[in-house]
Each structure stands twice: as structure tokens, then as C-alpha cells.
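In the two complexes that follow, chain A is the common piece, with chain B as its partner first and chain C second.
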Partner chain A sequence: MSAVRQSGSGVFSMNGREWSLLVACLLAIAIFSVASPHYATPGNAVTVLRNSVELLLIGLGMTLLLAMGGIDVSIGIVMGLAAIAIGRIVGADGSPFVALVAGPLVGALLGCVTAAVVVLGRVPAIVGTLGLLGVYRTAVFALLGGQWLSGLPSSLTDLLATTVLGIPVPALVIAVAYLTVWLALRRTPYGLHLLAIGNSEEKARLSGIPVIKVRFLTFVISGVLTGIAATFYVATYRNVEMSIGSTSALDAIAAVILGGTSILGGRCSLLGTVLGVLLLRILQNGLLLIGVPSLWQPVVTGVLVIGVLGFEAVSNRLPLTRFQRARA
Partner chain B sequence: MTAPFLVARNIAKRFGALTALADVDLEIRPGEVLALLGDNGAGKSTFIKILAGAHPPSDGELLIEGKAVAFASPKDAAASGIATIFQELALSENLSIAENVFLGRELKRSIFGIPFLKRAEMRQRVDGLLQELDAHISDPEAPVGSLSGGQRQAVAICRALNLNARLVIMDEPTAALAVAETRKVLALTRRLAGRGCAVVLISHNISEVFEVADRIVVFRRGRKVAERLAAETNHEEVVSLITGAHPDVRALEKTN
Partner chain C sequence: MRTLRNLQGPALTLALLCALWLIVIVGLLALKPSVFNLGTVTTILQFSTILALVGLGQGMVILAGGTGIDLSVGGAVSLSAIIAMLSLKLGLPPVLLPAVCILAGAALGALNGLLVNGLALLPFIATLGTFFVYSGVALAVTGGAAQSGVPGWLLLWGRGVVAGIPVPFLTLAIPCFALAGLALMATAWGRWIYAMGFNERSARLVGIPVDRVRFILYALSGALAGAAGLVSLAWLGSGRPNIGQNLELESLTAAMLGGIAITGGRGGVGGVFAAVLLLVTLKTGLLQLNINTVWQVGIVGALLVFVLLADRLSQRWRS
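Then we have the complex of A and B:
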């Protein structure tokens, strides 16, 4: 029963699922270290963490969306659009500080568009965001004119490669994002309302919860986090390619579900999402280093998702834990 | 006689082509338990959902203490002092008891303009309410989905009590309960009325109704067909009113 209770739990207290994920991460690291001489190096550890930054931010937003009974399959391309805006500013030798604002701003605006379609327009989230995915794909193509945005100046990169009090900026941003989302989810009325909506929108409405406001806000929050992810993307790669974000939605949903958030809504784990992202990135990096072509990465992710959901269905986890909330 | 807390005038509700309610007039008084009876589909739940702000009426008006009101949402009705325990309870199974009792009107403190939950206070308040109800729940932090039917009913009642409601509406509160739990809920309805609260009780159990109700209203096919003081009617008459065998109901239904 201890995993059921959450109210007294702290920011980092762990449940069974989260421990299993941690063990899975360590196990994967151990296996890859034996399999490849290039694996267990400090450089590679940094690479894995570096590769996790965008997905961690997008994953936090996706956790809120799934917990609310929503979803956003267009999230990768939203990151793409935000990245184009940032890239244009950086490319035109604009101030990197302006570029910093551009990401979250474009993310918030696109979050409003998604919310307008899904929340105000009452289009089911999976269908609405799939439609937006199609529209945005074409928008990216049109904006880039079939060409990569590449060879961007290093102004933004330099700004984000610094440390504050010895902590790298990306780590700091993720820590702040995690803490903020955790507080919102577990310590404010908003979080309670979000989980109630995930359990049953009709019951939430009868309880006097402003359902439309909460749902709208959550899509905007997810957009902002995605915009921040776009900022790190541009800073790291200094280009924006045509296929940007094409696997982000799958990766994020996979990580969130791996982490123990219910696909049916009403229950979620932020710490689980973080561990899910790390496991995914460890597997993808390790498989690459032992010579599996990167083409296989989405296959691994897809199989993991199906495996976890299949296992939960078979072990009857879904109906049982609908009433349970893991700790964040 | 005390002035009514709530007056419903000519209330009608249509769902597309279906008329669920028509021409319902009703007065609800403080300190009185009013029982709403009727067959399945008679429109009882629909009527109280209108009182609770969950459905807007298609026609008619509601007056609270003489003033016309229009509820856009359950929150509006709650703000007017109406607490409703819905037949389907409307509890969030994934949340704890305290979270459910305060859901939608949490106690909060503002830090830098951000509202944070006062979790300890909410918990304390709910522990007090549960004690007052004589409800024994071993783990108040457990999600409501893991509680028994009676315990869930107690949580729903706590929610209504916590609102300091002037009118408490209960839709079949005892339908899923064991005998002992039913007794507690019935005693509670009397206690609420004793405090000066108006109570509307929907029930299928006629003996239960006679035990607690001051006034009995019968719905049939979306219309109010009878209103009686409990002291001036009996079990048989009420049954014939519900089934439509009563001459008054027959006469009424002939004219429609």
C-alpha cells in the first residue's frame, strides 16, 4: 500500500516502479560496459546526459498531459517550430538573450493553439494533435524551404555552456523545471484538479473544478517546456534539420509510460519520467556503441512501450492502479 | 411556517427530443427533510442536477430566498449554499479523502502570488468531520477508490458538511449501503435538518422515507404528480402515487 500514498512523500522518495527503473538503468550500463570498450567513459556519460536534456523537458510536460487524460503527438514538431524561430534569431546575429525568450514564447503560443483545438474545440487530443502534426510538418518544410538551418553562430551555445555555482546551466534548468512541475502537481490546487480531471472529467466538473482552464493551462505549460527544449536543441547542434523532433513524441510518451504514469490518466510519476528518459537514452546510446544502426532506435522504443503496456494489461495493473497514484 | 429557502417554478428539462422534466413547481424549506420519490426515469436525478447547477433548465426559474438565480456551474450552486451528493457520488477515486472533501474549494495560502495547498489544515478539518459522522476509516491518506461503499458515502457527506450548506441534496445515498451504514446516514439527515439545514432526499425505500421525511413529493414521467406531508399519508398511498394507480394521478394524466 505504501506506493499508493503520496501526500506525505518528498520530492525524491521512490516507489517500486522507480526502483525497478533505476536497477534497469544500472543493469544496462553494466551490460554495455562489458560489451563495448568505448562505453564506460566519462565522455560517453556526458553524451548520454546531454542527449537527455530535451527529452527530460518535453517528458515533464507529457507527464502532466497524460496524467490529465490528454496527450500531444505533435510535441516534436512544436519543438521544431520553436527551434526555427530561435535559429533565425541566432543566425541573424541577434542577441542570445532574445533567443532565450523566443523558445518558451513560441512554445506557449503553439500550446495555446493546441489547447484551442483540443480544449475549446473539443476535438479528442489524439486526433487534434495528429492533425496539428500534419499542419506543422508542412509549416516546417515551408519555413526551411527544404534546406537545413545550419552553421549557426555560437552565441547561444556559449551562453548555455556556462556554469552557475559550478553547476552546468542545462542541469540547473532541468532541476528548476522538475521542482516547479513537482510543486505545481503535488502542492497546489492546480495539481489536484489535473489529477481529478485525469480520473474523470465529468466528476471533476461536478466537483466545481474549472476543467477548461486547467486543461488549457496544461497544454500551455507543455508548450513552454518544449520551447525551452528547443533552446537547448539549437544551442547544442547549431542547426535545425528537416526531420527535427520526428521521434520526440514517441520517445516522450514511451519514457512517461515506462515511468509509471497511467495512459488512462489520474496517476503519474515525475521521477519515473526522469528515470524513463535516462533508461531510453542509455539503451539508445549503448546499442549504437555496440554497432546496432540508429535506424533501430524507434523499434526499441516502440517495443518497450508495447511491452510495458502489455505487461500492465496482463498483470491487471491498469484497472487496479487506476485508483493509485505513484509518488512524483 | 418558515419561508422557503429555494423555490423552483415551472422547471422543464429537455434532452434533444426527450422531455425529462416538465412544469415542476417545488418549495424547499429550512429545517425540513423533503423526500423525492418516483420510478426509475421519473426525472428525480435530472431535477436535482438542475438545483445543483450541473444542468441548466430548459425552462422555468429558481429562486433562492426570493431572489432569482441562474447557475452556470456546480460551483455557482455551491456558492449559493447548495451541496449535492450525486447518485454517482462524483468522487475522484485516485485522490485521498481530504483531497476529495476539499476538491474545487481547497484551503490555500499564497506564496509569491502562487496558491499553495494548506494540507495539514485540510487533513485536520476532515478528521474532525469524519469523527462527527462516526465514520471509521483506518487510513485517511488512502485513495477513495480503495474505500467501501459506505465509507465513500461518508466522504461525500463530509464534502457537503464542509460547505456549511444551507441545502443538502442526497440522491439515493443509502442504495449501496449495509444496514448499519444506512442507519447512520438517516440519522445524519435528521441532524442536518435539526441544524436548520434544508434536506432533499431521493430514495427508493419507502419505509426509510417515512422514517425521516417531513414532506413527500412524487415524480412520475417527468412531472410532479403529488405532494404530501409525511404525517398525512401512508405507505399504500405513496406506492399508488408512484405507480400511477392513485385516482389523483390518473385524473392528472388524463388531462395531459
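Then we have the complex of A and C:
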């Protein structure tokens, strides 16, 4: 049970991984501030936070998926499809409240499709979602007909750009989402089941955990969170382009892995994911500002994924230090 | 139907693929009879060469089990072509171009093998990472521009046609598949691949060098991707940084359609060959019917999902 006990850091207590991520964030900010005069401005800080909104939500779902030993590489295009649905409603001057429901609904539906293929069809998640990625990409094209959805009315934006008690709505929604998932992980059987499946699906099944139900539910949760992300996307940019979400899946996987959630399952950290998303966005924004072409972004993200996993693999193999032995 | 039900394994796969292929051909004939001439056959085989080489590597990696998969193939094709063209610009003797292209691919594949073997990373996450690195580097160092300057003698090889069959297909795709088929059937290495795919634990216990075989297979997949990059150079006359786009999906679909089990240990390269021809015929047919190429990726993706589900269903049906 050790894996379960050390799972999910508390909201306020931070483990070593999370401290080092925080330090990495601050270090990156310090370096970029020296390297670029445009970096350390309030406007840029807002930009970085603004750019993190969708990834924080998608990353939350991806944290659950990876902790369960699953993955979904189609998640970015799922956001695209949800965004198209929202955009069509907003574009037709529909009620912004209908648009608010449409995102999570489309996300949940597509989550059900993914779960039907991967969980009920017992197909490896990576292969199944790669196939669906192809299908969804064509669907985005077919729905948009090769044209951008642009110049959408600001009804949704007006609704979501407000503040409640001085807190911006996106921040509030993200906080609620993370708190809900954290409670579900720590205070309900769902969390224990999820991590047990991540540790060993076979053992989880043998000990009577409803593996299929938990896995199905997790894909749907991830879909709903992605639908919410799509709502914020449309509200902010007020357009939907053909390439929407093409790097979201890799970004989310990178952020989650950076955050210390184990891809082998059984361990997850929500705070780590938040810091992972921030670090990724800080790096991407900073590299852009010091003049690295954006074409290098997927390279940096890919290197981060491999680097972090490689570092973990090597450090797991090294003999324990005296300090670690004393703690063990 | 009785005979069909009695067919097992590779024979069943081949029969089903032939049936599917006939359906595609008949459908095309009905919709656009003018499609059928020798030129179309040449085009199909020309397109097939790249996918066949990549699909062969992909198939062998999956066959060896251990959740093996190589998602980086598309990136490796692009990057090895770009590396070859850039080193030509830096003063490499043109004679060495083919060797550099294939060696670059092999090195990229060896890096995958190192990550999967040496660091024990999960293959899908390691190769997903390298996919973005390889394809990203290919795009970033060129700024997305095609690299021209392929020597004339290479174009002669790449664009040559003998009796309607493209020369690269004759001299590269067919020999590679023949060799791989022979190796799988008639050599100890081939049987080792099946053994470790079927049950890795027992393969280790009987002394099969599982790690070494796996490393070589990833390097081989990379080398075949490099060869595919070479074919693209010799055919198109320039190194395009996005030439490998969607190849990870297409090669996976080809391997799965060709009857290779996603868990490894079951299937053969003959099926992959047939599946490649089927896929490319389908794609070429759609192209001839003036259907936007964006539909291709959706159809290939749907085929992949369908094949995986059908495989599960047929297992349940048999038992």
C-alpha cells in the first residue's frame, strides 16, 4: 500500500518534486527576465496565466488518465470539436448559457466514444486514441469546411471575463475543478480504485474493484474537463481555427509527467500538474520572447518528456543516499 | 462460408484483405472507370514503397511484444531525409547520400531502442516523445522549406519504372519484405522475435537475448524509416520536412490490418505487405475521386479502430 499512501500530495504540503518544480519556475522566470526586457512585465504574466487555462483543465484529466495507466492523444482535437459546437451556438446568437452546457456535453459524449473503444473494446489506449485522433481530425475539417470560425460575438466572453469577489472566473472554475478531483481522489473509493488500477489492473480486478466502471468514468471526466477548456478557449479567442488543439495532448502529457505523476500508474500529484503546466508555459513563452522560433516548441516539450522520464529512470536505479535510507 | 471459417491466422487475414481490396477496386471501377490504367498501378506502387518500408519496421517492433510500438517513424522519415540533404549541403560526397540517409534513420531508431531498453521507458511514451523531437527538429532546422539538390543519378533510380513497376519498389521494398519474411520463418532470430512477443518472461528464461533483439528491432525500424526517407528524396527530388506526416498512424493501421497482434507474437510480414497495398489503393482511389486528402487520415484512423475492435470481437466469437 505504500504507493497509495504516498499518492497525491496534500493541497498545502509539498513534496520534493513539487518544491523543485517551483524552484525551476522561479529560476526560468529569473533567467528570462535578464535575457529579455519584454519578459518581466505585468502584461506578460497575464499572458502566461491566460495561456495556461485550457492546459490546466486538460492536464487535470490527463493526470487521472496517466495515473490509471491510460492515455489519450486525441484530447486536443476533442477540445477542437467541443469548441466548434460552442462556436456554432455563439455564432448563431444562441444563449451563452446554452453554450456553457454544450462544451462539457460534447466533451462527455466524445469521452464516452473513447471509453467505448478503449475500455469496452479492450484496445490499448495509445493505439485506440491514435485512431480516433485521425477520425476527429477529419471531423474538425468536415465541420469547419476548411474555413476558420472567426469573429464570433462576445456574448460568451462577456459572461466569462467577469470576476466574482475579485477572482477571475477561469481561476475560480479551475480551483473548483482541482478541489473536486482532489476530494474525489482522497475522500472517495474512486481515488483508491484509480490508483490501484494504475498499479496493476489485474490485481485490481482480482480484488473486486469495478475496473471497467472506473476506467470508463475517468475517460468521461477527462472529456468533460476538456469541454470546459473548450468553453474558455472560445470565450478568449472568439475564433476556432483548423489547427486547434494540435499540440494540447503532448503539452498535457509533458506537464503531467513533469508534475511527478507516474506514467506507470499508481502515483499522481495534482499540485505537480499545476506547477508542470506553469513551468511548460513559462518556458514556451520565454523562449518565444528571447527569439526562438515557435517551430522549436514541440522539440522542447518532447525533450522535456524524455528528459524527465530518463532522469527518473536513472535516479531510481542509483543506490539510495544516506538521507534517503534514513527516511525509508 | 465453411471454408472461410476454417481458415486460420495468416491465411484468414490474407483472404479478408483480398476481399476488402476487391471491394475497393470494384467500388472505384463503378465510380470512375477511367482510373484504371498502368499509370495508376505505378502510382500506387510508388506511394506504397514508403509505407511498406515504414510498416515493415513498425510490424516487427510490435511483433516482438513488450507493448512495443514505434510512434516516431514519421518523424524519423522526415528527419533522416533532412539530415541527408543538409549534410550534402555541408559538403558530403553525393555518393554517400543513400548511406547517410539510412544510417541517420538507424541512429534515430537506436535512440528509441536505448530509451526503451536502457532506461526501461514505456515504448509508447518514449517514441511519442521522440516523434515530436524528430519531426519538430526536421521542421525547425529547415523552417519548413523543402531542401532541393538531389543528385541526378538518384532521381534516375527513384523515378525509374520497369514494366510498370517503380524501381524503388522492385529493388528496396520487395527485397526487404522477402528478407524479413525469411528471417522470421527460417532463422533463430525470427523465432526469438515470435517467442518474446508471445511470452517475454519465458523467452528470457530459455536464454533468448530479449533486450538485444529489441534494441536491434528499434534500430531496424529506424533504418527502414531512413530508407523510406531516401525513397522520398529520390522520387520527389527534394527533402520535405513534413514527408513523414501521418506515417505513424498509417504504419500502425497497416500492421494491424496485416494481422499482427497488438500484444505481439502473432502475425507475419506478408499480411503487412497486402495491407499496405490495400491502404494505398484506397488512398489513391480517394485522391482520384477528388476527395480532399484530409479525409484520408480519418478513414485510416477509422480503419485502425475498426480492425482492433474486430480482432477483439473475433477472439470472443471463437472462444
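One rule holds in what follows: the second predicted complex is superposed on the first by the 306 of 328 C-alpha atoms of A that agree within 3 Å, B and C clash if a C-alpha of one lies under 4 Å from a C-alpha of the other, contacts with A are read in each partner's own complex, and residues count from 1 in each chain.
Note that in this section a residue touches a chain if its C-beta (ideal position, glycine included) is under 8 Å from a C-beta of that chain, and two chains touch if they have at least 3 such contacts.
This one's a predicted model, so the numbers in the text were calculated from it and none came from an experiment.
**Q** So, does A:Ala313 touch the first partner chain B, the second partner chain C, both, or neither?
**A** Only chain C is touched by A:Ala313; chain B is not.
**Q** Have a look at where A:Ile126 lands relative to chain B and chain C in the superposition and call it first, second, both or neither.
**A** Once the two structures are laid over each other on A, A:Ile126 reaches chain C alone.
**Q** Please indicate which partner A:Gly107 is in contact with in the superposed arrangement: first for chain B, second for chain C, both, or neither.
**A** A:Gly107: touches no partner chain.
**Q** Looking at A:Gly91, would you say it contacts chain B, chain C, both, or neither? Reply first, second, both or neither.
**A** After superposing on A, A:Gly91 lies clear of both chain B and chain C.
**Q** Which partner does A:Ile71 contact after superposing on A: first (chain B), second (chain C), both, neither?
**A** So A:Ile71 only meets chain C here.
**Q** Touch check for A:Gly223: first (chain B), second (chain C), both, or neither?
**A** The answer is neither, since A:Gly223 touches no partner chain.
**Q** Classify the contacts of A:Ile209 with the two partner chains as first (chain B alone), second (chain C alone), both, or neither.
**A** first
**Q** If you count the residues of chain A that each partner touches, which comes out higher, chain B or chain C?
**A** C
**Q** Which positions of chain A sit in both the chain B and the chain C interface?
**A** none
**Q** Could you pull out which chain A residues touch chain C in their complex?
**A** On the chain A side, the touching residues are 71, 73, 117, 121-124, 126-128, 130-135, 137-139, 141-142, 146, 250, 253, 257, 263-264, 293, 295-299, 301-303, 305-306, 309-310, 313-314.
**Q** Would you tell me which residues of chain A are touching chain B in their complex?
**A** 1, 4-5, 7-8, 183, 187-189, 192-193, 195-196, 198-200, 202-210, 266-267, 322-325
**Q** Provide the residue numbers of chain C that touch chain A in the complex, in ascending order.
**A** 67, 69, 71, 115, 119-122, 124-126, 128-133, 135-137, 139-140, 143-144, 246, 248-249, 252-253, 256, 262, 292, 294-295, 297-305, 308-309, 312
**Q** Quick one: which bits of chain B touch chain A in the complex? Just the residue numbers, please.
**A** 52, 54, 73-75, 78, 86, 88, 90-96, 98-99, 103-106, 108, 114-117, 119, 139, 141-146
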